[in-house]
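These notes are about the structure you will find just below.
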């Protein structure tokens, strides 16, 4: 390939002022959408929050500092989740991803749940868990994994994790949605206003069992 | 797999209050986007209407009651369509699907048309139709189908249906868009402001034919 | 707008042969992808089945005749589903939609379940049901709806229906995926190889309850 | 921001061999999908053709040379289209865009048509056209535009162009699909196997008119 | 296929008024989203600008007239770009495509850059360029192409063009985004507030080189 | 809401066998696409690898164990990346997400690079980094962040990280693509076959500088 190129460098300094102006001018109108930082006060669309004006965006919109501290696992399930979803991390708005930190004390449990809007990769940063998901074909894919292992939970499928070791588990979950959502089975059934008799009819759980668990999860109906 | 699990149940009652508070707190900020019910008064984006505040959403936003009554087929084409698209069914906003009811009297016709924004499955709930579509390769895929049969019309392709039986046809159309749109060939050509001479030039229809049909479809130009 | 148009019609007949050849030639190479009928014998990608050669496609690929007959509801839940998903309806491959017929005898139940890959609109063609879904915020949106009503279940959320009338219910479900998938809660928990102790630990259901239901649903583990 | 940086440059030469090996090794497994050049001999999925092995890809796969020559406009409509779609331009496979060249002699016509799978921008490189599209609301948006002007036709809507000047028109169309498809109204109706009586019934065109045009466009049925 | 069709035409005139009213009524609520012309004064979402009311839309929203005039190439790089992106072409909002005109004087250069949000097809309308892109596998795909040739640059990859002929180059770029964005390497490094020492550390360019180029491109830091 | 529900439980045992058979039968054909584990030996489409048969899928396809061990940072840039992308993690095929581990020794550098196919969230698990990205508007968003902080890099934008602390940095990157790709600036320019004179012409770097760095990065041309 015979390419004839002029020596640009010798002309650089003298023409620089003109160049920078003319060149940036043409592109300056099209630069807005490499990101759309959430403006929580403006209308929300199916695609996410409205965009903050670029002039008001700072690096802090793209940084989230909530995952440095262990969540409080002094609760019934010995589990705490600390999300960095779009509601607390405006920079991910419209970008289609988010993360969360999970702390699980020994014997603790991440209850069976789904994310209707995202697949998840769970990375074990510390400790040992038994984790898995149930497929549409009703096969349970379950494995005990340790520090440095990751497991993927396909979108919308029921999944769980249990700390089966003797030490605290720290894990990081990443999602391919800025707002993955979560539907925790127990809370959906027993922490909602879903009438007990309908729950019983549609799950084959005895009404007595349902009502007892509603007492635990503060459900009504 | 050796899993050691503590007996959670014995501790349930006493810790329940604490648990429910701590657990729901972490997730409560991320629950908004399992749906985005249309707020017709706020700005509309390419992704659909703005979202109504969740606190104002009721089950009625997710239910549409317009398809229980037959449309009035006392017209030229003996056909009526009753849509449940996003404009009358706010719960489908952002979810990417909608439905409609079609009534076709004997001899009635669903004129040739396209949906620029969706594929369609047409289900014959009652009666017999001849239906079909034209492919990009100019092949007409046409079949006479009866109650319980379905036919799929790929996105954007010209398609039609004709009641070829002796009884009223009831059919249900489902679309993979909350707002499939429709471009009825006759209305596009003869019911619009598309100038007759341009129609003639771009379709090979004689201007006299065009003007006559414009009279029928109230077109101008 | 002053447009000068020649009279094309007078030249039509004489030039037709040449025209048709030249014009179709240019487009003939680009006509394949208005549809991609499933070739079940070729590799499957994340986007669906491989495409059958267009020359082998017939109108029958776009028609499905399975929904004309009531499913057999002589079972425990008095419910039957007859799907027209991509596995039995090759024409919807790649088009992103499908339908199914649901039959529910009086007192019958569509158990709590999710579709991980699609939203659903359920249309009551006959009878009366109580139907609803649970949101991420643990709110149950439930309503009793009758013939001609539709209800939308957002993607991935737990939902159900119960025949609360005295007559057989016929309903049609439409999905915005050619392969919506389904995760029936009871089957996921009690009809799979999900170990009973893990179920108990991650759902707060007593192991005795779990094992009893596993007996019903043929689960193992 | 006080950042302490070591002087990397002094260590460059000595460590270069090791570096290049170790660094490229880690990423070398993930480099395939910046493009997926079409392998026309392998299965086609709804997402496009299978990918040619990267080792066999050359720059010629990304270059198309067909648009440099005027198409032959010596035909009935004085129009020729020269596409650079995925079928003749393997490098655009999976990338979601393509282009075409349009030549229109004075008085020539781009007949009314749709692209079911893409929006289009038409750029007038030479000459003057009257072009437009019909919206779902049956409004015709039409304008006479000249060299250097562009007009956008939204996906799936009927559109057209007519050379209203005295000189040859050269225009370039760009599409947001590697395979936009085309449905030319005349060819769909009169150049296909669509039965004349069904055409008449679903378009309100007289059967005599239909049959006459079928003679022109070589239609059957 | 035996289809019995009534003769519609004889009833046309008398029933036309009634027909047009009833038929359009049903569809009139679903016509909005064949396009979403940008309303620059309303909120912007990740999917683009809010939609202007259809009643205020005119054909001029779908036409852009900026590409008819050569850009001013009297600058350092002898290059000018004239975009028709969503910011100056409201009709492409939400449609996912846009175009631009490039003028390159002899010896001129389109500097190395990426479009983070779109693939590009570059069409040489006049002249000769050497153009290419670098793949993830660090292979440079480069070719000298002339009038009528096109080259595709996959999304997000570094690419460039150089006028290697003796005459002015005119080229047209098309993108599969209404807002492709651009990241010009020189401007990103040397025309921004990116600190020189961090540039040096992360690119292996000597700080002296960096600072010299910052002088040319008006960078700070 | 008055719901009349029968007591299902009493009938469970006797009907269980029939139920399980009839119910699973209907759904069994539609279970395939909750996941599509990569079959590396079959054709690859733009949507990813072909799917392994479900019968051959095991839990190990969904688990990746490569991130538990520190990468070797004994190299020029004191950096190592250990990816869990689709090429080594078949379970993420088609799901649209992946992760990687980054090790950075004190003074180490993650060179300026882009991911053409994904946005990224980088989570600092240990240590302190200065990280940032350059926007389309040529603004550098840079911050020094520590353990537990995350930063998001929007798709396709140049970004970097530098270990500015005294201890080893461990960070985890998550991407919203199974195959994010990477374009490292230095390798693209100086480790490829991109001719030095073209690099110089399109970047304003002196040819001498380019050739020197080509020596470091093993580039040719």
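Should a chain be cited, it is by its letter among A, B, C, D, E and F, assigned in written order, with residues numbered from 1 in that chain.
Convention: a contact is a pair of C-beta atoms (placed from the backbone, for glycine too) under 8 Å apart; a residue touches a chain by one contact, two chains touch by 3 or more.
Labels paired with UniProt names: A, B, C, D, E, F = Germin-like protein.
Note that the structure is predicted; figures quoted are calculated from it, not measured.
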Common touching chains of chain C and chain A | B, F
Using the touch rule from the top, work out which pair, A-E or D-E, shares more C-beta pairs.
-> D-E
Farthest from chain B by Cα centre, which chain is it? Let me know.
-> F
Can you give the whole-Å distance between the Cα centres of chain C and chain F?
-> 32
Whole-Å gap separating chain B and chain C, where each centre is the average of the chain's CA atoms | 15
Within chain A, the set of residues that touch 2 or more other chains is 1, 3, 5-6, 8, 12, 24, 27, 30-34, 43, 45-47, 109, 116-117, 130, 132, 136, 138, 142, 154-157, 162, 181-183, 187, 191, 195, 198, 201, 204, 206, 216
Which chain pairs here would you call touching?
-> A-B, A-C, A-E, A-F, B-C, B-D, B-E, C-D, C-F, D-E, D-F, E-F
Write out the stretch or stretches of chain D touching chain C in their complex.
-> 43-47, 71-72, 74-77, 79-83, 85-88, 107, 109, 116-117, 130, 142, 144, 162, 164, 179-184, 187, 191, 215-218
Give every residue of chain F touching chain E within the complex, in rising order.
-> 109-112, 114-117, 130, 132, 134, 136, 138-140, 142, 154-158, 160, 162, 181-183, 185-195, 198-199, 201-206, 209, 213, 216, 221
Hey, which residues of chain F end up touching chain A in the complex?
-> 1, 3, 5-6, 8-9, 12, 24, 27-28, 30-35, 54, 58-60, 62-69, 84, 89, 91-92, 95-99, 101, 119-121, 123, 125, 132-133, 135-138, 141-143, 145-157, 172, 174-176, 195, 197-198, 200-201, 204, 206
Name, in rising order, each residue of chain A that touches chain E in their complex.
-> 1, 3-6, 8, 11-13, 15-20, 22-24, 26-27, 29-34, 36, 39, 42-43, 45-51, 93-94
